[in-house]
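Order as written gives the chain letters A, B, C and D; numbering starts at 1 within each chain.
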Amino acid sequence: MIRFDSDYLEGAYPKILKKLVEINYEQEPGYGKDKYSKSAENKIRKALNCDNVDVHFLVGGTQTNMTVISSILRSYQSVICADTGHINVHETGAIESFGNKVMTAKNHDGKINARQIQELVEEQRNYDLPEHLVMPKLVFVSLPTECGTNYTKEELKEVYDYCKENDLYLYIDGARLGYGLVAKDTDIKMEDLPELCDVFYIGGTKCGALFGEAVVIINDKLKKDFRYYMKQRGAMLAKGKLLGIQFDVLFENDLYFKICKQAVELALKIKEAAIEKGYKLYFNSFTNQQFIIMPNTKLKSLEKDFAFFKWQKYDEKNTVIRICTSWATTEENVNKLIEKL
Amino acid sequence: MIRFDSDYLEGAYPKILKKLVEINYEQEPGYGKDKYSKSAENKIRKALNCDNVDVHFLVGGTQTNMTVISSILRSYQSVICADTGHINVHETGAIESFGNKVMTAKNHDGKINARQIQELVEEQRNYDLPEHLVMPKLVFVSLPTECGTNYTKEELKEVYDYCKENDLYLYIDGARLGYGLVAKDTDIKMEDLPELCDVFYIGGTKCGALFGEAVVIINDKLKKDFRYYMKQRGAMLAKGKLLGIQFDVLFENDLYFKICKQAVELALKIKEAAIEKGYKLYFNSFTNQQFIIMPNTKLKSLEKDFAFFKWQKYDEKNTVIRICTSWATTEENVNKLIEKL
Amino acid sequence: MIRFDSDYLEGAYPKILKKLVEINYEQEPGYGKDKYSKSAENKIRKALNCDNVDVHFLVGGTQTNMTVISSILRSYQSVICADTGHINVHETGAIESFGNKVMTAKNHDGKINARQIQELVEEQRNYDLPEHLVMPKLVFVSLPTECGTNYTKEELKEVYDYCKENDLYLYIDGARLGYGLVAKDTDIKMEDLPELCDVFYIGGTKCGALFGEAVVIINDKLKKDFRYYMKQRGAMLAKGKLLGIQFDVLFENDLYFKICKQAVELALKIKEAAIEKGYKLYFNSFTNQQFIIMPNTKLKSLEKDFAFFKWQKYDEKNTVIRICTSWATTEENVNKLIEKL
Amino acid sequence: MIRFDSDYLEGAYPKILKKLVEINYEQEPGYGKDKYSKSAENKIRKALNCDNVDVHFLVGGTQTNMTVISSILRSYQSVICADTGHINVHETGAIESFGNKVMTAKNHDGKINARQIQELVEEQRNYDLPEHLVMPKLVFVSLPTECGTNYTKEELKEVYDYCKENDLYLYIDGARLGYGLVAKDTDIKMEDLPELCDVFYIGGTKCGALFGEAVVIINDKLKKDFRYYMKQRGAMLAKGKLLGIQFDVLFENDLYFKICKQAVELALKIKEAAIEKGYKLYFNSFTNQQFIIMPNTKLKSLEKDFAFFKWQKYDEKNTVIRICTSWATTEENVNKLIEKL
């Protein structure tokens, strides 16, 4: 069985494991105060070409979203996201469990735009009794989106400009940031991000690490006391050096982007083969996730050798499947899949 | 200025005030343990023709919704309601502030049906990783709805049957219950309610009382420790007799329904006059709330003498206004309005 | 049976009921935007000799405490109070239910002092990993305390000075404020309060109103968006004029303090009689609550004619009872009690 | 610098890292559904000699405590623990942030007893208005305690018997379980635990793993839907096999206890040397944590070569220091410390 159902099936990029073995006996203070975390923080600042950001390392994506968002909002404020947003659909209501409403706008291939945000904001602000309505205060977008698509720099800037002009914050979920930034459907570069949002995170779990997400806080107003939230939400790893060393390796010589680029190339190879063989795509993704509309009979046959994630029913005879590649995907396995497609 | 903008503009039905004055010096224990609350509880049981229900008196509608709903749900469970549901739009996210997601289905004139609930429930139950999704556990409907419309007995039974068969609870928000049950677009009677839901409340604030809502818990599973939730949410009035005496008066000789019936008759008089004069209705309501599509120029002129609630913009030239009647509305004022319509 | 077990046994001072009857048919907008609320706000500002405060009317004490405190604190911050503080013992964990820890210091007759607060604050600030500990941010004191005692101006100033110098807020629970301010064991006057804390409330429920508490926000930082919290916590009464009119009556010609003074005088008459007859006091109160150590045999005999609140067991043979007076207590009933003591 | 300040300074027992490297390329499903987690679950069941328990793997201690406790309690219920309990002092109010009050009893060397629990429970149950008080529902003890001490089987049984007889649950925090169970001041064995509590966890982070805690749910009532809580609290690791493989190694051939035993022996060697040299102990611990009262001048000198955790000030001239050993502590370093003591 060759699995393409997610990008967190294997362990970590080998160099990370090698480093973990190397430093195993080194004694380092806990909770992110170790030298590897400091080094990784600085490498990330350098990759962003921006000194004035706070960097914190957390363990997983849901944890990161709930910690960041609950640190920003008061109970009567909401976060706006696409109806397909991860916080809206696949985090068991973690945001609500901390007291905040998730407001949704209809996604366009996973994305929302400034006009949609404006509508939600103005509906509240223009209401006669505004305090009877939840106040939108934060916008959540994913880069790339849950559908594998990307915002262009102009699209994202438009969203952020609206936020800044209207006293909202913008948070980018970068669970698959590396795969997004190397894709050809966006012109956003890593060093653009400090100008494009208030806070974002760099996904490690799905991009080469065993686990780990790096939160980057740009807006000074959001920096204070963030470590209190981390500790309170169970998001401050005792052996913080495990997170530090992983990001330290990933941000040495652009390894993070090299790994992701290679995975995206293999994903695109599958995509092109699928198109060539006459399959229709459900989303037009240029990242490591590909969404193919597959006849159920064909799917059944493929599933003897391959595992996919069933995204959703397309119609009575077809299913949308999601195919993921990662740092560990081999060209050999990709070829085997293409052959059987 | 004659106001029709809400049904809570005046105080209370005079007999209630009279009783409050009469018992002012009587010493009664607090927190709902007074003799008037006991008496009112029993009258409500009698009106329901059902001895085996718990009755609790709270102060207001948002308070009642948040107390009841948070007493039922665990943090990973959600309440399903119409997108127009009061808890979804006009309670400042009170439900989320206690940790629960509000899931919505598109309303049909304020109502949702069993099939829509089923879709939301099955989406979660059939998902590969169901614990990544919030689990629907409670259905919230309003009777009458926020749009002034009613469920028929068959419609509500269908919803409740689905709930019972699928391990969900059904809660009815009866902020305007009296106006709903006397309307001609439903065949539901007061004594049917114990068979049609797990818990509901009888609205007092909008139906003749100074304030107060009577929660009726039918399902034994939801009865335990409800008073703890009341006290914790600030919903246990110290001088509980103030609530008891009001419902005691309202449920003496069907006063509650007589008051509501009279208000509905006046609302229908306005409705009929509006139709006759060529206005279009936004919702076809048979209760005390009427929704009329009104040219902005006409509205401006009417607003010299009358106050309405602007429900929403209809188009560039028209506005949907809401007109409410109550126990205190006089035929004289209704006639004045009709004359100017 | 003559009851002395609490100060919320009866209804309201008659003049309040009279006014409620008078304005019953007047149409006023809801949610605190009526003319009576505006008038009452202004009278309270005048009584405080301070224009620059926000005044909001809520329904009950637990509701007020939970709304105010949760509006001030972030999830990692705590409120410090006496171990006897109402929020710590008698509100079913309402403060914790909104996410905040209640930290306690040992009370001295219901009071805490600046040094105790300092100890708790420094313990956290001096800890090596301060973010592993909850951060004290708010101090809660009751005036008068739950034990019927009062802070002097100097004592309270010392507490507030510490708060201001150390970036903490001070909140005063004034559920029985009127009884406290007329007592001879404090030199605090109503108009001193804006200099002595950041926010406090004026209790109505126990001091002559049917119900109602007036929150006074002094510190500008705490004013913003308070109405959102009120609505979200179910603490914004639909018919807000019911609250407005009550405080409007109470703050006309010092009625609030006149009512409370009379009740305190009757309480002191009982106290003096008790001392004379050889009873020991549990707390030395100069307010409307008196705490007497009573032999169980005597108590049993008294309970044939009178009701008291059993505060706690004193020893095997004695019980601490609490006796309360209110606006409705008559000299005749006090004399009857004294006779039987 | 040789560090003794905590037991999470190094990485993992080498065999664990070796296994992580070995399985790095294996594709396994996420979220704890991999074969290594299954295997580890079964080994733990075997070590407990009990088939009928649920085992779940989480990442860290605070996360585990907050997930378990919030899954058990309703908002009006509290958890009772020693005032020194980790949830009370060192988790930034995580329990309160999910809505529950932490009630404390004064610790005796880190422990509480059944009588203390009974006092808190009866105070609530015997109160006239019990719903005004938080209802104790769960007891939290640590084994070993935060002070390095242990409950005997009789002591723990007494606590659990009280809980069972009075409708409370008992939860054991086993962050350092291995060090506790090998100590000579307790007769509790691993296989006794299913008879001694409702739920507990086996600490990995401090006992040989990189990270990870294994929750064992014994009481059937607490098993349902636990994975929903895990996901919602960000406690469900995407690459769950990382947790599974670590516990699979630790519970192969009793490695977990062998590692802990060796660390405890080295700690006791330090303890005995300290006693011999005339130091006083602050707690009499037989586990891997030792608490020594150290003159400040001596401490200053030792700190040139060694790091300790400063537990607290003892008096003006002395400090209580905590010394920890772990799987990675060498006899050589212990000897160096003893030499300088």
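The definition used in the following text is that contacts are C-beta pairs under 8 Å (C-beta built on N, C-alpha and C of every residue); 3 or more make two chains touch, one makes a residue touch a chain.
Source: prediction; values computed, not measured.
Colleague: Same or different: do the copies chain A and chain C touch each other through matching residue numbers, with over half of them shared?
Modeller: Copies use mostly the same positions to touch.
Colleague: Tell me which has more C-beta contacts between its two chains, A-D or B-D.
Modeller: A-D
Colleague: State, to the nearest whole Å, the distance from the C-alpha centre of chain C to the C-alpha centre of chain D.
Modeller: 42
Colleague: Averaged over CA atoms, how far is the centre of chain B from the centre of chain D? Could you give it in whole Å?
Modeller: 50
Colleague: Using CA atom averages as chain centres, what separation in Å is found between chain A and chain D?
Modeller: Their C-alpha centroids are separated by 33 Å.
Colleague: Using the touch definition from the top, which residues of chain D touch two or more other chains?
Modeller: In chain D, 75-76, 91-93, 97-99, 131-132, 228, 231-232, 236 touch at least two other chains.
Colleague: Going by the contact rule at the top, pick out the chain C residues touching chain B in the complex.
Modeller: 1-3, 5-6, 8-12, 14, 17, 20-21, 23-30, 59-64, 66-67, 91-94, 97-98, 205-206, 210-211, 228, 231-239, 241-242, 328
Colleague: Considering the complex alone, what residue numbers of chain C touch chain D?
Modeller: Chain C reaches chain D through residues 75-76, 78, 89-93, 96-102, 128, 131-134, 309-310.
Colleague: Show me the residue ranges of chain B that touch chain D in the complex, using the header's touch definition.
Modeller: Going through chain B, the ones touching chain D are 31, 70, 74-76, 98-99, 129, 131-132, 135, 225, 227-232, 236.
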